[in-house]
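Following this message is one structure expressed as C-alpha cells.
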Amino acid sequence: MEELLGGLAPLLASMVRNATPLVFAALGGMFSERSGVVNIGLEGLMLISAFAGVAGAFYSGSAWVGLLFALGAGLGFALIHALMSITFEADQIISGTAINLLALGGTGFLMELVFGRSGTSPRVQGFEPVAIPVLSEIPVVGRAFFDQSLLVYLMYAMVPLTYLLVFRTPFGLRLRGTGEAPEAVDTAGVSVARMRYYGVALSGLLAALGGVYLSMGILSAFTEGMTNGRGFIALAALIFGRWNPVGAAGAAFLFGLAQAFIFQAPQDVIPLEFLQMIPYVLTIVVLAGFGGRAVAPAAIGKPYRKE
Amino acid sequence: MAEREPTGGQAGTAGEAPVVLEMRGITKTFGAVRANDGISISLRRGEVLGILGENGAGKSTLMKILYGLYSPDAGEIFLDGERAEIKDPKDAVERGIGMVHQHFTLIPPLTVAENIVLGAEPRRGLAVDLQRAVRETGELCERYGLRVDPRARVADLSVGEQQRVEILKALYREARILVLDEPTAVLTPQETEDLFSTLKELVASGLSIILITHKLGELLGVSDRITIIRDGRVVDTVPAARTDERELARLMVGREVLLRVEKEEAEPGGVRLQAEGLVVRSSRGTVAVRGVSLEVRGGEILGIAGVDGNGQTELAEALAGTRPAEGGAVRLDGEDVTRLGAKARKRRGLAYVPEDRMAKGLVPDFALYENHALKTYDEPPYASRWGWLRPAAMRRRAAEALRAFDVRPPDPDLPARSLSGGNQQKAILARELSGDPGVIIAYQPTRGVDVGAIEFIHGQLLRQRGEGKAILLISLELEEVRSLSDGILVLCDGRIVGEVGPEATDEELGLLMAGRAG
Amino acid sequence: MSAGRGGLSSALRAALGRAAGALVFPLVAIALALAVGAVIVLATGNNPLAAYRALAVGAVGSPAAIGRTLLNATPLIFTGLAVAVAFRAGLFNIGGEGQLYIGAITAAILGVSLGFLGPLAIPVVLLACLLTGFLWGAIPGLLKARFGAHEVITTIMLNFVAINLATYLALKPFRTEGLVPGTDFIDAAARIPTIGLGLGRANYGLFVALVAAAAVYLLLWRTTLGFRLRAVGLSPGAANYAGMSIGTSTVLALAIGGAMAGLGGGVEVMGVYGKMSIPFVSNLGFNGIGVALLGRNHPAGVVLGALLFGGLASGAQELQFETDVPLDLADVLLAIILLLVTATRLVELIFGKRVREMASGTRLDEGLAS
Amino acid sequence: AACGGGGGGGEQQGGGGGGGEAEVRPAMVTDVGGLGDQSFNDSAYRGLKRAGEEFGVKVEVLESNAPTDYVNNLSQLAESGYSPVFAIGFLMTDAVTEVSQQFPDTQFAIVDSVVEQPNVASLVFREQEGSYLAGVVAGLMTQEETPYTNPDDKVVGFLGGQESDLIRKFQAGYEAGVEAACPDCEVLVQYAGTTPEAFNDPARGKEIALQQINEGADIIYHASGATGAGLFEAAREQKIFAIGVDSDQAKLFPDAPILTSVVKRVDNAVFQTIEAARGGEFPGGEVQEFGLEDGGLSLAPFYRFDRFVPQKVKDEVDRAREGIISGEIKVPEKPQ
C-alpha cells in the first residue's frame, strides 16, 4: 500500500505537468470555437509563445517580462488568424494550418536572430515550482498538485474562471450565441465580428500560457518544434470535453495521465510503440463508447457575412 | 412614379396619427438583381402597414435595410421626421426598431430568457442576472399575453412559441416599430389568431407595425393600409378597408389570379396508400406517431390537418420510408412496404414533397439538373449499369421538366440555391411528379410561396388527382386543406382524432386540432 | 434539341467561369505572399530578386530541378486527394499521415516478400496498399457512422496509432540487419522505375498519382457513388430524404480517402526509398490538407497545389545553396500563401465582387459543422 | 551558405599548402536534425568550418527538411563540383550509397555509418567506449556523498532519444561501465520514443528524468539530442548530476549540473578527412573508426564539480581508458 501510494504521487505530479499546457490550449480553443472560429492553429500559437517567452526572459532577465512577451506573441498570431478568417473570410482550417507553419518556420528563422544559435536556446529564468504551504502537505496529492509552477496554479484558477465567464456573464452568453447562431447575435445588436475577434484573441492568450508553461514552466529554454503535437491533442481534449471548460480540462488531465503512464511502464516488457499508442487508443475508445455524439457549436467554421 | 407624397394623399384609418417612419427612394442591387428599386413607404403611429409582393419582390430586402442588416445603395430613412443613419442592427435597436425575421434568429441551445436578454443583459456584478432576466421575461409575457416559459430551452419550443420569443425580444428592447416578416407562414389558425390579437394590443399601446405576409385574408383583416411591391418597385398603397383579395392579387402579380380552387367531383378508385397502426419515434426519441391508420384512394386527395409538431413530420417520413416505423404497416397498392427504404418505395411509385425544401427537398449547392435526379440518379437513363452517370440525360430531362412546371429561370445548370423559394418549390414538384407516380405525399407544398405559385401548385395537385393518383396532403394551412381535400383527418398528439368533410368549419376543425372534441 | 444544346453551352461557360475564378485566389495569394516574402528576404540582408530567381531555378530551372519538384509533389497528390474526397462528402480527414504510413509499411513488407515476381509485384503491392489504406480509413468512418465519434479527433488519434504501428513493424518483426533501422530493400526489379529524361529520381509513381487524381475526378462527378457522396456532403438532410444512407457514405468516403493516402505511401516506398526506414517521411499527410484546400478540393486543383508545394520545397534547396536565406523561409512563404489563398474578402477588396462570385463554385466552409 | 564565384578565380591555396596538394572543396549535408542539433550536425559543421579557415577554401552546408532531400542535396553538391561531400548521420546511408555510384569521381564521407563504395569514406565512432567511461563515473559517483548524489540509492539512469542501434551503443557502453564500477548498481533505461521527434522533446525528456530520479537515480546520462535539455532542467531542479553527450555540454548549459560529457569529436573526424583528401590520401572505401585512442571520443572535464570527484574516481576512469585502449577491456556494442 505504502509503495503503491509512493508511486502514485509522482505519477499524479507528472500528469499535472503533462496536462497543464493541454488545459490552457484547450480552454483557448474553446473560446475561439465557441465564437464559431475553428482553431487548428493552437499548436502554432503555443510554439510561437513558447519562443517569445524565452526570448523576452532572455533579453530582460525576468520570467515575468517573458510571460508578457509570450502573451503578446500569442495574441499577435491569434489576431492574424482572426484577421484572415473573420475579416477576410478565409477558410479557418487553412488559416490555422498556416499559423502552425508560420510559427514553425518563424521560430526556426528567429532562433538564429535572437539567440545566435539554432536548436535549443540558452537557459533563461523560468517559473520554478512553488510549494503552497498547507495544501502541499496533504499526503500523496499534496506534492503532486500543490508543489508546482505558478503557471499550474493559474491553470487551476483558469478552469472555473472560464466556466464562469462562458456560462454566467453577458460576454459568455454572447460568445455562445455567436458560435450557435451568429445572425441572432447580430440582430440583437451585438457585433459578430467583434465577438469572434474576442474569442480568437482569448484563444491566443490562453494558448500562450500553455506554450510559455512548456518552455518556462516545465523547462527554461526553447527548443525548435518543442510543442510536438500538443496543440492537436488539446484540440482533441476540447472536442472530447464537448466544448465545455470543465470537460475539456478533464479530458486534458486524462491525456496527461496516459502520457505519464508511458514513462512509468517498463519499456522492455511492452514495446514503446504500443505504450505510446495508449493515450490515443484510449481517446478513441472513450469517444466511441461513452463520448456519444459530440455536438459542435452550430455555426463553427462558417464565415459570417450579412449580404 | 413610385414616389409619393409621404404624408399627404393617403386616406388610412390611422390618418391623423403622426408618421413615425418613412423610407424614401430605397434602392438595393445584388449583382444583376435590383431587389429594391426606389421604394418609398411610410408608417404612422399606431397603425399596421401590410406589405405584399410575390416571392422575390424585395420585401425582406427592404426590411433588412430598415434593420441595418443591408446598407441601401440609395435612399433615406426618416424616423419621427428626422433623418436616421442605420448602419447595423444596433442602431436599429437603439432607435426602437424591432424585427421578427422570416427565418428565426434564435439560439436553440439557450433558454427563452437568455435569448431575450442577449445583447441587453441585466447584470448583477459581472454576471448576467438570470433571475431578473427570467422575471422580466415573465412580466413581458404577462403584459402582452404571450405565453411562453422563460426557462425553457428554445430548441424544445414549438414554432409558434419560438415566434413569441422573437416578438418578446423586440418588446424587451422597447421597440416602437415592429417588423414582422411572414410571421404566420408557420402558425396554426389558433396561433395566428392569438398573434393578431397580440398585434392589436400592441398597436393600441402605441406601437407601429409593418407586416409582411402572402396570406391576403390575414392582411386584409389586420392591417390599416397595404403597400404592394412588384419587381422591387412600389405598385400601389391601398387602405385595407377599400380593397379585396382579388384586387390585391391582381396588383401583386400583374394579372388576374384564381383565388378559389375549382375542383371537379372526385371519382375515387381503389386504395393505393394505406397505413395501419403506425407508430413512429421522433429524432429526439419520443413516440411521435401513436398508431395512425389511414387509407388514400386513387383520384382522391386526403387532407391531414393539425397543429405543427403533432407528428406530421414523422408520419410523412414513415410513409415515405425515410424514417423507420416502430410498429404498424405501410402498404402501397396493396404491397407491404414497411421494411422497404425510401428508394424502394419511390420505385414503387411513391412521390414525396417534404416540408423543408432547403434542408430536405433540395441540395442547395447542386445544380437543378442534379437535384432533378436526386432520387433516380442511379437508374436508367441517368446511370449505366456499371454506375456511370449520364449528365447529358439528366440535363435534358431536367430542362423539360423545369419548363413544364414553369420554374423560372428553367436553366438546369443553375444551383438550386439561386432560385426564389417559390421556384424551388416548383422544382421539387417537377421532380416528384415526373415519372408518373401513383401516390403523392405532399407536405406543406405551398409553404411561403406567393399566390401565383400557389395557384400553379394547387392546379398541379388537382390535375394529378384527375389522373387517378392518390394524394395525401399534409398542411398546417386549414384553408389549403379544406379547399383541396376530399376528406380531412385531424392529427393531434400523434393520433387521428377526427375525420370531417371539406365543408367543416374553422371552429370544428380548431376544436379537433386542439384535442378538445370527440 | 435546342434546349439541350443551350444547356450544354451554358454549362461549359459556367465551368470555364468557375475554373477561372478558382484560379484567381491561388494566383493572388501567391503574388501577395511573394511580396511579403520579399520584405522578409530584404530584412535578412538578401536581394529578393536573387532569392526568387534561385527559388524558381530550383523548382523548374533544369530537368533535374523539375524532377525534384515532381518527386516532391507525387506523395502530396495522394494525401491531397485523401483530404479532398472526404471533404466532398462533408468529412474532414486529418488522417492522411497515418493512412500513408499504413500503405508504406504494407508496401515495404509485401514488396520484399513478393520481390521475386519482378515488375509484376508492382501492381499487386500497390493494390494491397490501396486496400490496407482503405481499411484503415474505414475505421474512423465506422466510428462515426456507428458511434458518432467525431472524425476530426479519431483521424488525428489514428495518425499516432498508425505511425507507431508501422514503426513497430518496421523495427521489430520485419527489421533487417544493417545500420539503417527499417525493413529490407525491395528487389530493384520490383520497384517503380524512374522516368529518366534527366528528371533524376522522379518515377512513374507520378503517373500513378495522376491516374488516381483522374479516378477521383471520375468517381466524384461521373459515377453514381460520387453523386451520392457529394449529395451527402452538401446536404445530409436531402441525401437522407432521397434515400441515401449517410452512414455508408461516411465510411466509404473516409475509406476511399484512406486508400488514396495508402497508395501514396506505397508509391513512396516502391518508387523512392525501396524500403521503409525509421524515421520515415513526415508531414506529407498534414501538407496534404493544405494541398487539398489550396486546390479547392478538386482533383485538378490538388495536382496543381501539390506541384506548388513540391516546387517550393525543391526551390528552397536552391535558395539555401545560392543565398544566405535560411531554409525556414520556404516554410514561411508557404504559410503566407496558405493564409492568403482562401481570403475571399481580401481578393474582393482588391478585385471587386465579380471575382468572388466567379469563384464561389466551391464552398470551403461547408461540411464542417457536423 | 554562399558559394561565391564558383570554382574559379577566388580560390586560394591554404597557407601551409605545398604545391603537390589536391584541391578540396569540402561540403556537408545535414540530416533532418539540421544545424543547431547541438550534436553531430553542429559538430561536423565545426570541423568543416575549421578546415575552411585553415585551408582557405569556401565550404558549403545544405540542410535537409525531409528524407527526400538527402539524395537531392548530395547530388546537388556533387554536381556543383564539391568534394569531399560529407553526409552526416546514419539516416543518409542509403542516399550516399546511391549518389556515390552516380558520381564516382566525387569523394564522399558518411558519419556514423558504413557505405562500401570505393569513393566513400565511412567515419564511425566507438560510442560505447566513451559511454563506458561515463558509466564508470556514474557507477562510482552514485556511491559518493555530494550535494548531488546520495550513496544510499545505488541507482543511475540512461535517457535515450529515438530507439535505434546507434543509441543502443551508448546504452551498452554505459551499462558495462556502471557494471564494472558498481556491480550492484541498477541502471534505469528509458527511451523518449521511436520517431525522430524523440530527439526533440525536452518536456518529455524532463518527465523521464524526473521519473528516474523518483526511482532513486542521482546520475543520468543521456543520448537524446535536444530532449536532453529536459534532463538538465530536471537535474538542476532536483539537484542530481547529468552527463552530457556529443559536445561538451557543460559549456552550452552552464546552469545545469552537468558532471561531464561524452564528447564525440565528429569535427575532428571531418577535419582529418578533409586534410587527408588534401594530401591526396582520402580514405575512400575504408572504414575509419574513431575511439578513445585517437581522441574521437573523450570525456569532458569536471569543471566546477571537480571538487566533488575523489581522486580514486579519476584514477578508475584513467585505468578504464587505458584498459580499453590496450584492448584489455572489451566494451560491448549491444546492451547485454
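Order of writing sets the chain letters: A, B, C and D. Residues in each chain are counted from 1.
Throughout what follows, a residue touches a chain if its C-beta (ideal position, glycine included) is under 8 Å from a C-beta of that chain, and two chains touch if they have at least 3 such contacts.
Which protein is which chain? UniProt says A, C = Inner-membrane translocator; B = ABC transporter related.
This structure is a prediction, so every number in the text was calculated from the model and none was measured.
Chain centres were defined as the mean of their Cα atoms; on that basis the chain farthest from chain A (Inner-membrane translocator) turns out to be B.
In this assembly, the C-alpha centroid of chain B (ABC transporter related) lies 44 Å from the C-alpha centroid of chain C (Inner-membrane translocator). Per-chain Cα centroids separate chain A (Inner-membrane translocator) from chain D by 35 Å. Here the CA centre of chain B (ABC transporter related) is 76 Å from the CA centre of chain D.
Multi-chain contact residues of chain D (touching two or more other chains): 34, 163, 194. In chain B (ABC transporter related), there is no position where the chain touches two or more neighbouring chains simultaneously. In chain C (Inner-membrane translocator), the residues touching two or more other chains are 164, 167-168, 171, 327, 330, 366. Of all possible chain pairs, those that touch are A-B, A-C, A-D, B-C, C-D. By the touch rule above, chain A (Inner-membrane translocator) contacts chain C (Inner-membrane translocator) in their complex via residues 38, 80, 84, 87-95, 97-102, 104-106, 108-109, 112, 229, 232, 235-236, 239-240, 271, 273-274, 276-277, 280-281, 283-284, 287-289, 291-294, 296, 298-303. The touching residues of chain C (Inner-membrane translocator), when paired with chain B (ABC transporter related) in their complex, are 3-4, 7-8, 10-11, 14, 221-228, 230-231, 234-235, 237-243, 353, 357, 363, 366.
By the touch criterion stated above, chain A (Inner-membrane translocator) contacts chain B (ABC transporter related) in their complex at residues 164, 168-170, 172-174, 176-177, 180-181, 183-191, 298, 306-307.
Residue ranges on chain A (Inner-membrane translocator) touching chain D, taken from their complex, read 10, 13-14, 17-18, 111, 117-120, 123, 128-129, 214, 218-221, 223-226, 228-229, 259-260, 263-264, 267-268, 272-273, 276. Of all residues in chain B (ABC transporter related), those touching chain C (Inner-membrane translocator) in their complex are 31, 321-322, 341-344, 346, 352, 354, 356, 359-366, 369-370, 373-375, 377-378, 383, 387-389, 391-392, 395-396, 399-400, 403, 411-413.
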